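Dropping the structure in here first, questions after.
Each chain gets a letter, A, B, C and D, in the order it is written, and its residues are counted from 1.
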């Protein structure tokens, strides 16, 4: 039933795809979130609704967008609304079930940094792109999934800057800060999946991808990572999922190679 | 050059029409404001821009609308926007040069009542339609013109209810209430035209329609009406204006007689 | 989010409108949901808080038939004709029952719907300056701009239990297209907990271009095909406004008995979806 | 209100863009006003406050060429490719000059443009909850809902001196049509004191249907026909995005000399309106 020759990125994308349920309304970003959401739409969740912050409502791209506002997204959308409307009516209005978030850094509570690394805010060592839609996706989507390749540089003890709220300092701190939504309910990396502990809200490993060891996860995490009481193996990607995903990527590569 | 056989209403409409300058953006209401604005557009001000609160932007009706959202308005408009957008971007956004206002009652400072007459607010003698767009037209349009047939019941010493701010209690009271715009710069009745006194802001007669006497105006006003130092006669309607106005009304009557 | 159920108007109303609900029927002259309003009257809903910027004949009928406990509005009249006699009779003489009113300006209600659609607790705008409405409506308050100190009006976001609108088309998946004068209908549906949309027809493809005004299926509770469902108002691209009906309504509504007789023969004795004329 | 002047891009920029202006160039991936940005570089404008939700290559070029004193933004990168090297060089190493930054989220900037278009002093929204941006940006404050007590974010309305956008079409009276992904361009123009719109073509009839996204002539200062004026971004209905250019930009912009040489031959030596490739 399964093909062992998949990459860690493919495992990650497939796991994210499976986390989406049919009919959910999903706020999608560029890169792996796009791949995961469109894989879901083309496999088990044909009625998943994809929304990009550029204003494309219920879009069905054949090719993954390189940018958040590719023509493909507009042409296959149910309709296209203005960006103020997108943020006011659709995100803040509570219409989004799941928001995908990427990050440069994440901490044990799922707080995210996409702003600066090192130095000071005004003179950083590395200037990252900044917030984009993430701060309000993080607090207005019903729940969020974080997608991030695991390394000690990315999974850090302390963020250099909090760009988007996760579970704050744990416990009830997220709700106390004023957020009315669930926050990160799942983190999917290239090694494992994590979920917040029901009380402490610390991200805890719940499933480990096939072939990955606990030591690998510990080594790739900048904090003392905890494992849930019952950790299972992430189900391997199905051949059919890999075939669809690879076809999506191949179509995308062809489309983005040239002018189109 | 002129035809003496015009009605007082025609004089009033023509005077209002002439008050509009070519290129002005005008927020129009139903009834005489529509007639005046469309007469202006079809005579001396072909580029006057007509906007109705239903969301019709730069509309060019052949037939006067019976309601504020007639199909004719939508079909001849540059585009149609939502009512929230109309009130936020176009009126509150400061895009309107002139707003027309009608009234059930007006006072000497151009404050307007379209809410209740007599009794109490909760148990009025007469329940009027209410505010509609007027309160925000009155304070967001750069200036307003009031159109109202003159009678002691309409031109009153004290309003039963202030629905829309004019010049408040006179002097600087309008600005002190928080309004940043000019307010009523002109009142056009079936007898005369008035303008606010530069300092007191009391509405003062500036031109008298041909054939009307000062005594008639005094008798038709519920406050001790004042006349400007230099009062002129309102120029009579031109034959060409009357011809266009009557053709507009005839087209409108034909169109509204049946289903259309 | 669940998609819209495509059903009959009768079912849509029975499923979604309950006694005591706050109920927004919108349509700014255009696309007024008359057929849905009549079905609500026929089903005998009571104690409704009726919300509408421009209550006109359909609200006159609902009020006169005793559906309403409260009216939220900003301009109540028969456009271009005159008063709403049933509304005035209820306000002035408590017939058929007392009618509480919450009165706003158009600007305020439009902003309140916008805020409801935007998930905010209140709308903030420049309005209600120097007039008496805040004296009679304690839901009109203010906030201060933290940068300029300007005092801005604030009113609670509009959040009806149910929004009822009429639109031109739905597709078979339940997405709805509105064209022409679109009023506050999109905002009303997005602001409401539940929503009913009647449409002229259900089609394979909505058309409408890349920026068409569309309510996705997953924002709507129930859709019913009701041709002429906006009559005697109009549906851009389908039929014109019946101005003569608006004029004819005035004498019908002036008298309680004439009104009740007219409603009985033209609404109560009709089947769901049948036109009034 | 005066109508738009239909003129050349050179004249439009010379008339409307002044040293020291705050300048919003918008376009959310789509319809980015590259040609206009290049003309501003060629005319040597200095000390600009550049405003853009998604500063990408065009702002990398303007910053690297020394036009900017300050950047207001919410996401700065080469979409799908990586960093903006000229922007980072200015922030991290003051080259070619220091660049002050005012940083927001997309939600905040979208709301600030909306508030600017709506004539409000500030935008009020649910945002900036629990993050560090308010610590580094003193223009992020709050107001309290007078009904629920909820603390809402407030930022000043966006009110640029000049908005510059690209659109598909203008008609001969100067009305402008936008289609597809429309971003915040309409709001940017309505919020600005002056505005320049470049268009693919000037036509007799805009088409677009009853609810098309149109900026009336009297909301625009100047219009210039600049075919391919959004290249290497795209114009829905005209030409696709040149993704390969976005990828090719990365190595060009990494090095100061390579960048300057490229700009010299591809922008400075070109005439107004000539494409970059």
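Following the convention adopted for this analysis, a residue touches a chain if its C-beta (ideal position, glycine included) is under 8 Å from a C-beta of that chain, and two chains touch if they have at least 3 such contacts.
Quick caveat: nothing in here was measured; it's all calculated off a predicted structure.
Trainee: If you tally the C-beta contacts for B-C and for A-C, which one comes out higher?
Mentor: Higher C-beta contact count between the two pairs: B-C.
Trainee: Suppose each chain is reduced to the average of its Cα coordinates; what separation in Å results between chain B and chain C?
Mentor: One centre to the other, that is 28 Å.
Trainee: As a quick test, compute the distance in whole Å between the mean CA positions of chain A and chain B.
Mentor: The answer is 57 Å.
Trainee: How big is the gap, in whole Å, between where the Cα atoms of chain B centre and where those of chain D centre?
Mentor: Spacing between the chain centres: roughly 40 Å.
Trainee: Could you tell me which residues belong to chain C and also touch two or more other chains?
Mentor: Expected reply: 114, 118-120, 125-126, 150, 180, 182, 187, 208, 210-213, 236.
Trainee: For chain A, which residues are shared contacts with two or more other chains?
Mentor: Touching at least two other chains: 74-75, 80-81, 88, 92, 140.
Trainee: With chains as vertices joined when they touch, what's the shape: line, ring, star, complete or other?
Mentor: Topology of touching chains reads as other, fitting no named class.
Trainee: Name the touching chain pairs, would you?
Mentor: By the stated definition, chains touch in these pairs: A-C, A-D, B-C, B-D, C-D.
Trainee: Where on chain D is chain A touching in the complex?
Mentor: That would be residues 28-30, 53-54, 73-77, 79-81, 83, 87-88, 91-92, 103-107, 110-111, 113-114, 125-133, 136, 150-151, 180-184, 186-187, 213, 234, 236, 240-244, 246 of chain D.
Trainee: Quick check: in the complex, which residue numbers of chain A touch chain C?
Mentor: Answer in residue numbers: 23-25, 47, 49, 57-58, 74-75, 77-81, 88-89, 92-95, 97, 140.
Trainee: Of all residues in chain D, which touch chain C in the complex?
Mentor: Against chain C, chain D makes touches at 118-122, 124-126, 139, 141-148, 150, 152, 154, 156, 179-180, 182, 208-213, 236.
Trainee: Which residues, counting only chain D, touch chain B once they are in their complex?
Mentor: Listed in rising order, the residues are 1-3, 114, 117-120, 175, 187, 190, 208, 210-214, 216, 218-219.
Trainee: In the complex of these two chains, what residues of chain B are touching chain C?
Mentor: 30-31, 53-56, 65-71, 73-75, 80-84, 86-88, 91-92, 115, 121, 123-127, 129-136, 139-140, 161-165, 168, 174, 177-179, 256-260
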